[in-house]
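Okay, so chain A shows up in both of these, paired with chain B first and chain C after.
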Partner chain A sequence: MDQLLQHLVNALVLGGTYALLGIGLTLIFGIMNVVNFTHGALYTVGAYAMYIAAVGLGMNFFVALPVAVVAGLALGALIEFTLLRPLRGADIDTTMLVMIGAGIVLQSGALWIFGGVAKAVPSPFPDAPLQILGASVSWLRIFVFLAALTLIVSAYALINGTRLGRAMRATFQDHDTAALMGVNVSLIYTATFALGSSLAAAAGALLGPVYVVFPQMGDLAAVKAFAIVILGGLGSITGATIGGFALALAEEFGAGYVSSGYRDAMGFLIIIAVLLVKPTGLFARAERIG
Partner chain B sequence: MTRLLPLALLVVLALLPLGLKDPYLLNALITTGIFTIGAMSLNLLLGYTGQLSLGHIAFFGIGAYVSALTSLGFDVGLPFGLRVTHEGWPPAAGFLLAVLIAGLCGYVVGRLSFRVRGAYFVIVTISFAEVVRLVALNWIELTQGPLALTSIPFMTLGLPGLGEMTFRTKIQNYYLVLGVATLSYLLIARLVGSRFGRAMRGLKENEPLALSVGVDATRTLTIAATVSAAMAGAAGSLYAHYIRIIDPDVFLFSYTVTMVIMVVAGGKGTLVGPVIGGLIFGLLPVALRPVMAPEAQWIVYGATLIVILFVMPRGIAPALAALGLPKRAPAAPKPEPARASS
Partner chain C sequence: MSTTTRLASLAALTLALMAGPAVAADTIKIGVNEPLTGAFAASGTYVVNGAKIAADEINAKGGVLGKKIELVIEDNKSNPTEAAAVAEKLITSDKTPVLMGAWGSSLTLAVMPKLEEYEVPMLVETSSSGKITTSGNPFVFRISPPSALEAASFAPMVKKIGLKKVDFLVINNDWGRGAAGDFAKMLKAEGVEVGLTETMDQAAQDMSAQLSKLKSSDADTIMMTTSVDQLTLLFKQMAALGIKKRVITTGGSQNPDQIIAQAGAAAEGTMHLTTFLPWAPEKTPDPAATKYFLAEWKARGHQFAGATESFRGYDGIRSIAAAIEKAGSAEPAAITKAFWDVKMTGLNGPIAFAKSGPEGKESGQSKPTVYLIKIADGAVSEVAL
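So, the complex of A and B:
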């Protein structure tokens, strides 16, 4: 029973950051239709930005976090502006290969600059964990969960409640009509990609202090993000949120009760199963692109 | 010209070891050759059917493991108290089994995953490769997990006229790889030129139109995936018996990316493209090794991929052909009057 509760608590904490990753990717892959292989690299960049800000520059933990998110936002905008904008109208494969190239450059760049040795970001919270009904959670993890939840709600509000969000939805529903209505379509593309990237960077910045920061950390994160998006249905933010928590639950219970060696296989098995059984995902919009 | 280029390339490659005694370079050429076979097999799928398999290394790795385990032997417990014990067989049998089993895996993956197209197919194939890697990592009783399979025997072939031959030296392995690469090239050329090849290209260009003239999409794509996987399995087997040690890292995504770069840079959908791309990107690390660290080399790889897609989206081989055509056209009648009259 204690163990069950512990797994559940762990899954909740992990699920929050998975949902962030998934929402970021569902904006880019699901709505912009870009198969984004830089998503994992941006997750890594977020974690390294956190490391540079908190350890290298000695910033306060809570200041370093928004700095990392802004770094992701800026890098995302840069990638969209330099690589994707000239390729608008190109076929999806070309864009995907360019994104693979960009992902390689970012990841190898991190390896080149920081080396392969994992870095740790110190936690500002007390070491003694909080005990709830026999399960123990570190304060850092509670903070990560709450921060992720705040970001999820903000992203949801931004997309569904603001003019910018409405312009985004309009642009990707009907590009030409949106342009006719006076929406700056190019700006919306950049903004959407930057927003998705900043959410990936936020997930990296939040999980970096929980685990360690290393150049290849984005590889698995990227595939998990794809698993979450496919599970939740393309372009659905609610779906990505539920998908994130579902993947975390599957991993946590799979590792706890089946085999810990196959923990990371859960995401891949979910992808394969969902695409083979119900290719539209669990919460898809009516139409599916691709 | 397009017929002569591969032949000229083959002659140069066949004569190369006569003037080349540096074992490091020879080793680089052998591994380049092995990955070029992988790239050629990937091109069959990516270039001719338009389906990008980003899990292609799975078939290469399966070929390597099957071949290694067949020749080394194993003793594995299965559920329900079953036990499989296998004594080592000759490496040639390992090679054949590698081709068969990798092909079978390609058939199953193709059969299941061609229900989805485009980005979904890409993601299913990545997932497949990662699951296979995790199995290789965790099924320690069979694969030794991260401890790797070691002391894999040299490839041995019973050649007609030459008797039993063991491929021990680098030179021998070089010609073995060159031979398999040539066979693969001829097989792909044959396949692509056939009615089946036209069906594949039809599906790539316009699937609804191809369907309307009676092309069986799933069947065509599945056959292409099977042949492609079997060929990658052959390359994996050569790799296992040359390197003689394999661990779950053969399934790493970066190897697939290397093959994709070879195909895309060389020219997808062309016969010589993957060979040119394979030679360039296989030997690029050798050229860059004295000047930069391996991490920086990968930055160059990634940047090159982006630049090529922007500058020559169709790849080097078609770009070269386009360069050569207008120059050659007016010059052709002069030295070759026979061709001009025909």
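So, the complex of A and C:
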């Protein structure tokens, strides 16, 4: 019973960050239709920005967090402006190759600047975990979970409840009509990519202190993010959120009760099963045909 | 393009091709096949930096056979397929007569068929899977302890520490599974109960599921085998889950000072089997060499934490140089033969290769000293074995 509860708590805490990774990617991959191979690298950048701010510059943990998110936002905007804007209208394969290249540059850049030895970001929370009915969870992870939920809800509200969000949805539904209605389409592209990137950076900045910060940390994160987005359905924030929690539950219980060696396989088995039944994912966005 | 330009470029190309081997003849090349990117980037980089210290030291003293040694360093990306490709490139394109590598057991095992194919020897500096020296590859010479040897060195300590029941949590590859098997065998022979064996992917960052399972087991001790970064994560996640069990790590890739720096209080009380004592140079088999190495390591601006890893690169290159010296020539066959005659004192004990594996195709295995250390009050101390 203790063990069951512990697995459940672990899955909840992990699911929050998976969901955050997923919604950042679903905005870019699902809505913008850019296969974003820099997502993992931006996650890494967020973690290193957190490290520089908190350890290098000695900032307070809670000040360093938004700094890292802004760094991700700025880098995302820069990538969109310099790499994607000139390629607008190019086919999906071309952009994909450019994004793979950009991802490699960012990862190798991190290795070049910081070296391969992992860095640690100290946590401002007490070391002793919180005990609930025999299950333990660290204060840092509770904070990360709450912060992730806040970001997810904010992103949802931004997309569905604001003028900017409406402009975003309009632009990616019908680019020309949106432009005719007075939407600054170029700005919307940059804003969407920057927003998605900042969410990846936020996930990195939140998880950097939980794990350790190293140049390849984004590889696994990116694989999970793509899996979550495909599971949840392209472009759906609700889908990505539920997909994130579903993946975490599958991994946690798969590792706990089936075999820890196949932990990562469990998540992908679920995805295969879902795609067999519902090929567009759990919560696919309604597509306009023709 | 005119005929003249074509002829001129042909001449230039020919000259360039001829110049290659001409330059190479002035040095003796040693191929270094290490993970410089990927999951084991930190450890592989340490080993390479240690190797460079040895090469510079040897060259400052006049080199080997009157020639300078030259390290040809290639990155195997922590990936077995790449490790085999790198070995092929070093042997066929760089014409290195001897290699050092490849850090991880799975990486080394992937390289081994290439050694047999091209009949080029390799000094194995870190890997600890038993299979490496028991599968009948006569081109392998290992200075790191296989896990069975590590387990045997640890056996006398088992009762003194008071181990009753042990669970394993290991990296899911040849290294981790090999260590769990060898240690379980030794523990059973010592009358200790063996419980669960949990594994984790080499790239995994969240091991909460495995740890939660171990938390509810009735074992008093968890033995862990993996690289330093994953150990750091494990200790932090153990603290978060409130697990208070005895932890003993194996494999010698723990870099305890890095763990102390990154895991902090979570690393308190953990015990580690290691093969080098940089914290007490006077207790090592060759204090003068240890002190020289540590001073040089510091002078080059490397972190002290890396010394427990980098000394293998240093000893590895020194062993290779000794073999080349004994061989009297830089030919692979002569070097392979000469490895059997190497007798020197490494930073962790005598380096001399004993025959291991099926008769007629034996690999060389040296027997380094194994130490048990403990992290207490943020510092490392030796637990007397």
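We take it that the second predicted complex is superposed on the first by the 274 of 290 C-alpha atoms of A that agree within 3 Å, B and C clash if a C-alpha of one lies under 4 Å from a C-alpha of the other, contacts with A are read in each partner's own complex, and residues count from 1 in each chain.
Just so we're on the same page, contacts are C-beta pairs under 8 Å (C-beta built on N, C-alpha and C of every residue); 3 or more make two chains touch, one makes a residue touch a chain.
Small disclaimer: the values here were computed from a predicted structure and weren't measured.
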Next item on the list: Would you mind checking whether chain B and chain C clash or fit side by side on chain A after the superposition?
Entry: clash
Notebook entry, point to check: After superposition on the shared chain, which partner residues are touched by A:A255: those of chain B (first), chain C (second), both, or neither?
Noted result: second
Note to self: In the overlaid three-chain picture, which partner chain does A:G103 touch, first (chain B) or second (chain C), both, or neither?
What the structure shows: first
Notebook entry, point to check: Looking at the overlay, what does A:L111 touch: chain B (first), chain C (second), both, or neither?
Noted result: both
Next item on the list: Could you tell me if A:N10 is touching chain B, chain C, both of them or neither one (first, second, both, neither)?
Entry: second
Margin query: Let me test your reading of the model: by the given contact rule, A:S136 touches which partner, first (chain B), second (chain C), both or neither?
Written below: second
Note to self: Quick check on the superposed pair: does A:I230 touch chain B, chain C, both, or neither? Answer first, second, both or neither.
What the structure shows: first
Next item on the list: Considering only the touch criterion stated at the top, classify A:D219 as touching first (chain B), second (chain C), both, or neither.
Entry: both
Next item on the list: For A:D127, select first, second, both or neither according to whether it touches chain B, chain C, the two together, or no partner.
Entry: second
Note to self: Contacts for A:L83 in the overlay, against chain B (first) and chain C (second): which applies, first, second, both or neither?
What the structure shows: first
Next item on the list: Would you mind checking which of 9-17, 45-53, 117-125 or 243-251 on chain B runs into chain C after superposing?
Entry: 243-251
Check: Across the two complexes, what residues of chain A are contacted by chain B and by chain C?
Finding: 111, 219, 261, 264
Margin query: Under the stated contact criterion, what part of chain A meets chain B in this complex?
Written below: 29, 35, 83, 86, 90, 92-94, 96-98, 100-105, 107-109, 111-112, 219, 223, 226-227, 230, 259, 261-262, 264-265, 267-269, 271-272, 275-276, 279, 290
Note to self: Residue numbers of chain B touching chain A in their complex, please.
What the structure shows: 50, 52, 112-113, 115-120, 122-124, 126-128, 130-131, 134, 137-138, 253, 257, 260, 264, 293, 295-296, 298-299, 301-306, 309-310, 313
Notebook entry, point to check: Once bound in the complex, which stretches of chain A touch chain C?
Noted result: 2-3, 6-7, 10, 14, 111, 115-120, 122, 127-129, 131, 136-138, 140-141, 210-212, 214-217, 219-220, 251-256, 260-261, 263-264
Next item on the list: Please name which positions on chain C make contact with chain A in the complex.
Entry: 36-39, 41-42, 44-45, 172, 198-201, 203-206, 208-210, 212-213, 215-216, 228-229, 232-233, 236, 239-242, 258, 261-266, 303, 306
